[in-house]
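Look at the two complexes coming up: chain A is in both, with chain B in one and chain C in the other.
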Partner chain A sequence: MTPVSIDPRDDGVLDVILRGEIDYTNAAPVTQTVTDAVDRVRPVAVRVDLTEVTFLDSSGIGVLITGMKAAREIAAEYRVRGPNPKVLDQLRITGLAELFPVEPAGPPAAAGPPAAAG
Partner chain B sequence: MTGAEPIGPRVDLLTRDFDFHSLVPLRHDVQRCGAREGLGERELYLFVVAVNEVTTNAVRHGGGKGRIYLWREDHRLFCRVVDQGPGIPPGRFGEVRPAPDTLGGRGLWLARQGCESLTLNTGARGSIVTLSQSISNDPVPAGEP
Partner chain C sequence: MAEPQQAYLSLIDEIRSAVEAEAGPRSLLDRAAGLLAGRVGCRVREAYTYLLRLAAEQGREPAPLAAEVIAVLEAGVGTGDDRRLRSVVDEALRTRRRTPPAFRPADGAPAEGEVPVRVVQTVLDSLPGGHSWVVPVRGGSGEVVDYLTEAASPEAVDTADRRGAHLIGMSLRESYPNLVGGPLWQAYGQVLADGAPRELRPFTFRAQRPGVPAQTAYSVRVNRLGQGLLISWTRHDPEAQLGDRLAQTERLGNLGWGEWDLVTGRVNWSEQLYRIYERDPADGPLPSEESNAMILPEDEALRVEAAARFAEGEALDVTLRVRVGDRVKHLRTVADALRDATGRTLKVYGIVQDVTARETARAQLAEVERELREHRESLAAEHRLAAQLQQIILPIPEAPINLPGLRLAVKYLPAERASRVGGDWYHAAHSPDCQVVLAVGDVAGHGLQAATTMAQLRHALSALTVTTTTDPALLLAHLNRLLCASTAVASTGTAIVARYDPDTRALIWAQAGHPPPLHTRAGHTVELPRPRGPLLGADPDVAYETASLMLEPGDLILLYTDGLVEHRDRSLQQGLAPVIATLNEISLAGSAQPLAALLSRLRRANPDDDTCIVAARPLVDAGTDNPGGPDDRS
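Then we have the complex of A and B:
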């Protein structure tokens, strides 16, 4: 299972889909994939989908932080969606849920760009 | 530490040497052990995160490898990770939550969130990290698949 895939949408949103277990053994290439995509695509918003993530360690948490910083550098919105209850718990206790919006799992958001990044 | 340990039959669950390549299968085995011993779902997830942070620390900073001991005493699950690295520097014991946007330095703090007790015995010849968590449920009966 590929731990990350990238889907640049026509509306300027960059979808980043993470899967499975993100940990010290795979976090560096996952981070690289995400930051390269942000640099290349220069999206108006980055949306990280955690629906299929079953495990995050501190390095996996680092992927989310580095992704946020890459998005902020180009003034793109950054949000995370779909963590399972255990991962959501982790995002809360580490304080990450205070850094960016965390949306519940659900059907993919309707087409259309989010509010312009300020 | 003899004499200070809880009294009760000690049931050894897992003893293993590990390195970078065995971190993930080891984590899966710790998860299976914890589930079998009766840790609840949330406790199990955070306990596995905790153990994984400590084993990963041994690989990253503790000489590249270590040995893990997992055992049960009464209604408590214990995990001890021993490495022969240069020791954990003062100020890196994970007692204070890092700022949310900090990269790195989160491992031991995260480990502390996944157990009720975490003790460090660290020095120039290595580190011993012991964590424990009480078990809320009865163990799954032996012989279950």
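Then we have the complex of A and C:
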């Protein structure tokens, strides 16, 4: 299982799918993959899917922050969806949930312009 | 890729999956490796690796290759397994029959159904055994009048001993007039008509020409392939079978043999030896001087020494690097000699094996091992340095210390794993305005980079409390901007800062993405509120809020980093439960040394993460409660 896959959609949304445990053992290459993709695709929005993530340590949190910074640099929207309760806990405690929208798990949004979520 | 080529490849896929479905790819490979090892006399493991490599070289899946190897090695043995394999092959071919080939000629689009001859030839080039691809020649009314051979596998040999490329362009009517109208001819016509494969076994070929064996027994399989027919055959006469098997063994083991008659000067090379030296058999074997000249100069001494020992009667077994074309091959030569009574060498027999892949793999492995070792060493060095740095910038007081109105104890539990010593820090000092500022923080990441960021934050906090402010929210806002401006790689961290006013006993705190303090009063522990505040280093423009509480004598306050409670298999609440239980017990026990008792009992939850804990209790009266303790003014 690869910890990250990238799916640039036709509507300009870059889907970043993270999986498993994102921690100090894999955070560096995962970060690289995400920032490279944002630089290359220059999407209008970046959506990070955490549905399959079971654990984030502080390095894993760092992946989300670096992703957010990369998105902000090109003025792309940035949001995160589908954290499990424990990961959601971490997003709240670290205050990341105050920095970008965190959406509950659910079917991926239909193709179309990304809606600003709150 | 052109359409027909795709069609052909999908046909191969089809056969392959049918073979795999019948007998698991693993067991096929195991069997083939076992058989091969038995024949070649190598270890099963080696044969196994070899088969995998061969499959990779030929760009094929291992299972069908293994099936082929088994078929060749067992051909004619007639055991139950042989029949089973045959049934596998039959099954594969049946699958093909059920799903008609995708390249049935289409009207008006001749290119669609046609397989380019070069594609067929490419495939046949990689197949062991005798195969040829014949294309029908049609007469005026569309009837087949002849078949022309357009492609042939390198090992294909006909009754007249014509091989490989020499078979291409031959007309069946001219070269094998006996066959016209016979059973094989009829089989060709039938396969061409309905696409269903046919097998003739045994099929006896009767020749009438001088120099050609009068009768030769074959098994012949006929499959339709594109606009032509793929003919595969095996000779049944024992000698040929032995020859076939030997050739097969050589090919599979990447080994060739040679024979040097020193009396007559005659040299014999096997086919595979030509292949190893990439030499056209038509040019004959290489003279020894020439093959010796191909050895790399660095290995010349090795060759001379081996030759000297060989001359003294020892057997030869030496691996030398040889330049063949623009590549360097590792060739192992094992040779023995036939000598006369005086010890004079009459004949030399040798086997040459191309062990390049093995040598390359060994060299790569050694390289990887070396890199790993270096990596481990540098990791260990970094860990030592990070631990030293942490010692220098974060000295931990051994015993509880007193600050104005507050007694506190600090505990630092480093991560168990070497590379995980990290960026946990604390701060405890009183400011010029007689406020006590406490803080703990956790920098993301580990090792030197985290330790450096930790030092930066801690020193900045010390300076700010003296020069700028003691307001926890403003302090965090400054630290946040510091980290955001940092050019270091994506530094982030969490922290909690608290200020205690010894006069009013008010505790005010702010946090940045950090767990809130724990507060214990009369045997009851709660998590204090978390005022808003995201972690440090993410966004330079965020503001931090504060919360406050009046402390009472006997209260305990615990600031901690998440190594204390965070564990990847437990929720934060689960991790917190034992800490809360310990606090409650100590609070109820009414110990005279509650802080020391507390810290000796707290255990970190996460061996991957270091943990920093600051425990504090208000001093009822600075004059009576252990005055004059050491101050930490760092």
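Quick note on the criterion: the second predicted complex is superposed on the first by the 114 of 118 C-alpha atoms of A that agree within 3 Å, B and C clash if a C-alpha of one lies under 4 Å from a C-alpha of the other, contacts with A are read in each partner's own complex, and residues count from 1 in each chain.
Just so we're on the same page, a contact is a pair of C-beta atoms (placed from the backbone, for glycine too) under 8 Å apart; a residue touches a chain by one contact, two chains touch by 3 or more.
Keep in mind that this is a model prediction, so the values were computed, not measured.
*Asks:* Could you classify chain B and chain C on chain A, in the superposed arrangement, as clash or fit?
*Replies:* clash
*Asks:* Looking at A:T51, would you say it contacts chain B, chain C, both, or neither? Reply first, second, both or neither.
*Replies:* Neither partner.
*Asks:* Is A:L96 in contact with chain B, with chain C, with both, or with neither (first, second, both, neither)?
*Replies:* It touches chain B and chain C both.
*Asks:* Looking at A:I61 after the superposition, I want to know if it touches chain B, chain C, both of them or none. Which is it: first, second, both, neither?
*Replies:* both
*Asks:* Looking at A:Y24, would you say it contacts chain B, chain C, both, or neither? Reply first, second, both or neither.
*Replies:* Both: A:Y24 reaches chain B and chain C.
*Asks:* With chain A superposed, which of the segments 42-50, 294-302, 312-320 or 420-428 in chain C collides sterically with chain B?
*Replies:* 420-428
*Asks:* Residues of chain A that sit at the chain B interface in one complex and at the chain C interface in the other, please.
*Replies:* 21, 23-24, 55, 57-59, 61-62, 65-66, 68-69, 85-86, 89-90, 93-96, 98-99
*Asks:* Which residues of chain B touch chain A in the complex?
*Replies:* Touch residues, chain B against chain A: 20, 23-24, 27, 41-42, 45-46, 48-49, 52-53, 56, 59-60, 97, 99-104, 106-107, 110, 113.
*Asks:* Quick check: in the complex, which residue numbers of chain A touch chain C?
*Replies:* Per the touch definition, chain A meets chain C at residues 21, 23-24, 31, 54-55, 57-59, 61-62, 65-66, 68-69, 85-86, 89-90, 93-96, 98-99.
*Asks:* Across the complex, what residues on chain A touch chain B?
*Replies:* For chain A paired with chain B, touching residues are 21, 23-25, 55-59, 61-62, 65-66, 68-69, 85-86, 89-90, 93-96, 98-99.
*Asks:* Which bits of chain C are touching chain A when the two form their complex?
*Replies:* Contact set of chain C toward chain A: 420, 442-446, 490, 492, 494, 512-515, 530, 532-535, 537-539, 542, 566, 568, 571-572, 608-609.
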